[in-house]
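Okay, got some structures for you below.
There are two complexes below, and they share chain A, which is joined by chain B in the first and by chain C in the second.
Now for the complex of A and B:
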């Protein structure tokens, strides 16, 4: 049995006939921090809702903690082990910070006082401040604290750092790195911030039009993918597109830019035989991977 | 050791870490036997993924650059040079002691022995130094 905390296969969901997910395959290994990337409307929030049991899939399988989510009971059991930080960061408006923490603490027998104290110290949240008066960053920090201190094995977050200033973002990322080190938690979060995903994640999943177009170890992806820039005397030959390992081909005048993975050396040799005047091979950044896969050419 | 990671390049992060630690070892910024920062410390200081730090250490261990001693931490591999030197000096002392004993058995004085030692040392230097300089 693989040690994935999240495993989906062929996950599909439509809203009144228009498909949001079209056979999503996703794997999040235990102990990883996985960034979930995609354009607006790519299916990120739908995926999170399905994983949390807030929606039912039309087709496909979800396994959480190795268990199939095929009954109400299995969903409830899994939900107990998951902490969730929603995008809108909903909290009870009539409480202050201290009351919110005490209220939540009472609900969870496995509450970790050590983590509560640790993150109170890191975030320096004002105990007496009323929840509606908290800044967006403080609301995020409070929700994160609640999710972490209840002892969740899997933390899911919907755009945790959206709208936060860089210092606040760094605090959140530091808390996540710490949680993965000390708490050995698995973290799965959606984001639009490629820079933060590159900084903190070891796994990345890119979703486009309801399907995963990239799902893997970030450093492995960086090792596997290359950008190959070719310049020709005339128009680049059409044979380029059919070479093995070419993911995307873009042409501008006499130059062709290939995004490729796999046996790049072999590919470069084959491209050389097509008679380019210059060949350049470059590493690929996450931003390039993202843009090349979601642009929808 | 001053680690600096560029997250937004195409170079895998664990490779960047490996290169910088290797460089620190090669330039003696950290020496054999010295302890490296813990995974947690690096992950915290650079705000990065602990699994990635662990991967860099794993690969460095495979390359024989570091030694992971479970429970106590990660250390630069190889004999610590200072401890090495001490052992060598002790060995040389034993050789010299037996030479002194044999000299004393031939009823040489302390001053005569010292003169022989100095003479032999300078003769050795004359023989050995020139080819070294030519290198």
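Now for the complex of A and C:
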């Protein structure tokens, strides 16, 4: 049996004929922290909603914890093991912090009082304060507490740190990293903050126009990909684009920038034969990988 | 805890409607002081109260169905607005259960207000009423009110609350107008089941509208469940 907590194959979803996901294949192994990246409208929130059963796929399959999500019963069983933080961080406006915690606790038999106390202390949330009076940061913290204290094996979060100040973002990232290492939870979160994804994730999935363009271990990706900068006396030759292993080619004046993966040494040898005046090979950052794949430059 | 949540969500609207109902109870206290009571025949007076009560039942059924629902988005189709609905839907609870608890509490609250009002009507009624007659009257009023309530729940599954209120009032106004034109509408209308046409209280039970109301309640709730289960957020 697969050890992936999330497995999707050929997942498709359209809104009024406009495709949001086009055959998404996604795999999130147990114990990983997976960053889910993409531009606005790439299909990140749609994917999360499909995984939780808020939307129904037009085609494709979803497996959570190794089980096919093909009935409401299977979705409910999966949701017992999932903590979710939505993008808008909306909770019940007619409850205070204490009531919200008590309400959620009652729905999860595996509720961890120790974690509840730990995060109450860490986040310093006022029990009697009404939810509408909480700042966005405090609402995020409360949602994280609710997600983490339920003893979830899988945390799904839609831009958990959006709108937070850097100090609070740091606290939350630490709490997540701690949960993954000590609590052995699997974390799957969407974000626009590449730096924070690079900081805590060991795995990344980049989605563009409803399809995964990169999905893999972050360190592996970084070791597989290289940026090759070539400078020529004149315009770079068009043959560069047809070299094996070139993912993206960008030209600016006499300089060509190649994003390459695979056998980079062989590629460099082939590029040298085209007569560049200088060749520079650099490691790539997540930001470069992201921009090259979603902008296609 | 779902019931507790539903109560927290609906308590202020329920309190407002209960307060309004109890205010009606107080009318006899000030009517004698103004002298109105002496100039209006008692039978006419309590019939007016009955008519007002029918309107109040409709009002209560419509407003308690929507109590707190719009802000939570459990039913609403308002595009791009989710409120805390995404949090609710991420919990290990079936949509059917969510709907039943929320609609169930609203139904209970509606019943409480109907009981208060019916007791008041029976208290005002000039003739004596047996316990059996009172129970029959109460039961048929609750059954017919529930049909109106169930329709409101169904409307809330497809409309946001602003349109739901207008839509419900429009629908029942049309039913009211149609029942005076078409006999078959009158025979199955919940409004007829609780309207002046069925008074006095000692009249035979209007079986057809009562049974039709029961059936309509079931049908409306069944459609509401189907809509909520198929809905995408």
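Simple rule for what comes next: the second predicted complex is superposed on the first by the 295 of 297 C-alpha atoms of A that agree within 3 Å, B and C clash if a C-alpha of one lies under 4 Å from a C-alpha of the other, contacts with A are read in each partner's own complex, and residues count from 1 in each chain.
Heads up, the rule we're going with is that a contact is a pair of C-beta atoms (placed from the backbone, for glycine too) under 8 Å apart; a residue touches a chain by one contact, two chains touch by 3 or more.
None of the values given here were measured: they were computed from a predicted structure.
Enquirer: Record, for the superposition on chain A, whether partners chain B and chain C clash or fit.
Expert: fit
Enquirer: Between chain B (first) and chain C (second), which does A:93 come into contact with in this model arrangement: first, second, both, or neither?
Expert: Second partner only.
Enquirer: Applying the touch criterion given at the start, work out whether A:49 contacts chain B, chain C, both or neither, answering first, second, both or neither.
Expert: second
Enquirer: Looking at A:84 after the superposition, I want to know if it touches chain B, chain C, both of them or none. Which is it: first, second, both, neither?
Expert: second
Enquirer: If we overlay the two complexes on their shared chain A, which of chain B and chain C does A:182 touch? Say first, second, both or neither.
Expert: First partner only, chain B.
Enquirer: For A:59 in the superposed arrangement: first (chain B), second (chain C), both or neither?
Expert: neither
Enquirer: Considering only touches as defined above, state whether A:235 meets chain B (first), chain C (second), both or neither.
Expert: After superposition on chain A, A:235 lies in contact with neither partner.
Enquirer: Could you say whether A:103 touches chain B, chain C, both of them, or neither, answering first, second, both or neither?
Expert: After superposition on chain A, A:103 lies in contact with chain C alone.
Enquirer: Upon superposition of the two complexes, what minimum C-alpha distance (Å) separates chain B from chain C?
Expert: Distance of closest C-alpha approach: 26 Å.
Enquirer: Quick one: which bits of chain A touch chain B in the complex? Just the residue numbers, please.
Expert: Chain A reaches chain B through residues 31-33, 170, 173-174, 177-178, 180-182, 194-195, 198-202, 218-220, 222-223, 225, 282-288.
Enquirer: Under the stated contact criterion, what part of chain C meets chain A in this complex?
Expert: That would be residues 1, 4-5, 8-9, 68, 71-72, 82-87, 89-95, 229, 232-233 of chain C.
Enquirer: Spell out the part of chain A that touches chain C in their complex, as residue ranges.
Expert: Per the touch definition, chain A meets chain C at residues 49, 52-56, 72, 76-77, 79-80, 82, 84, 86, 88, 90-95, 99, 102-104, 106-108, 143.
Enquirer: Which chain B residues qualify as touching chain A in the complex?
Expert: Residue positions touching the partner: 7-15, 39-40, 43-44, 47-52, 55.
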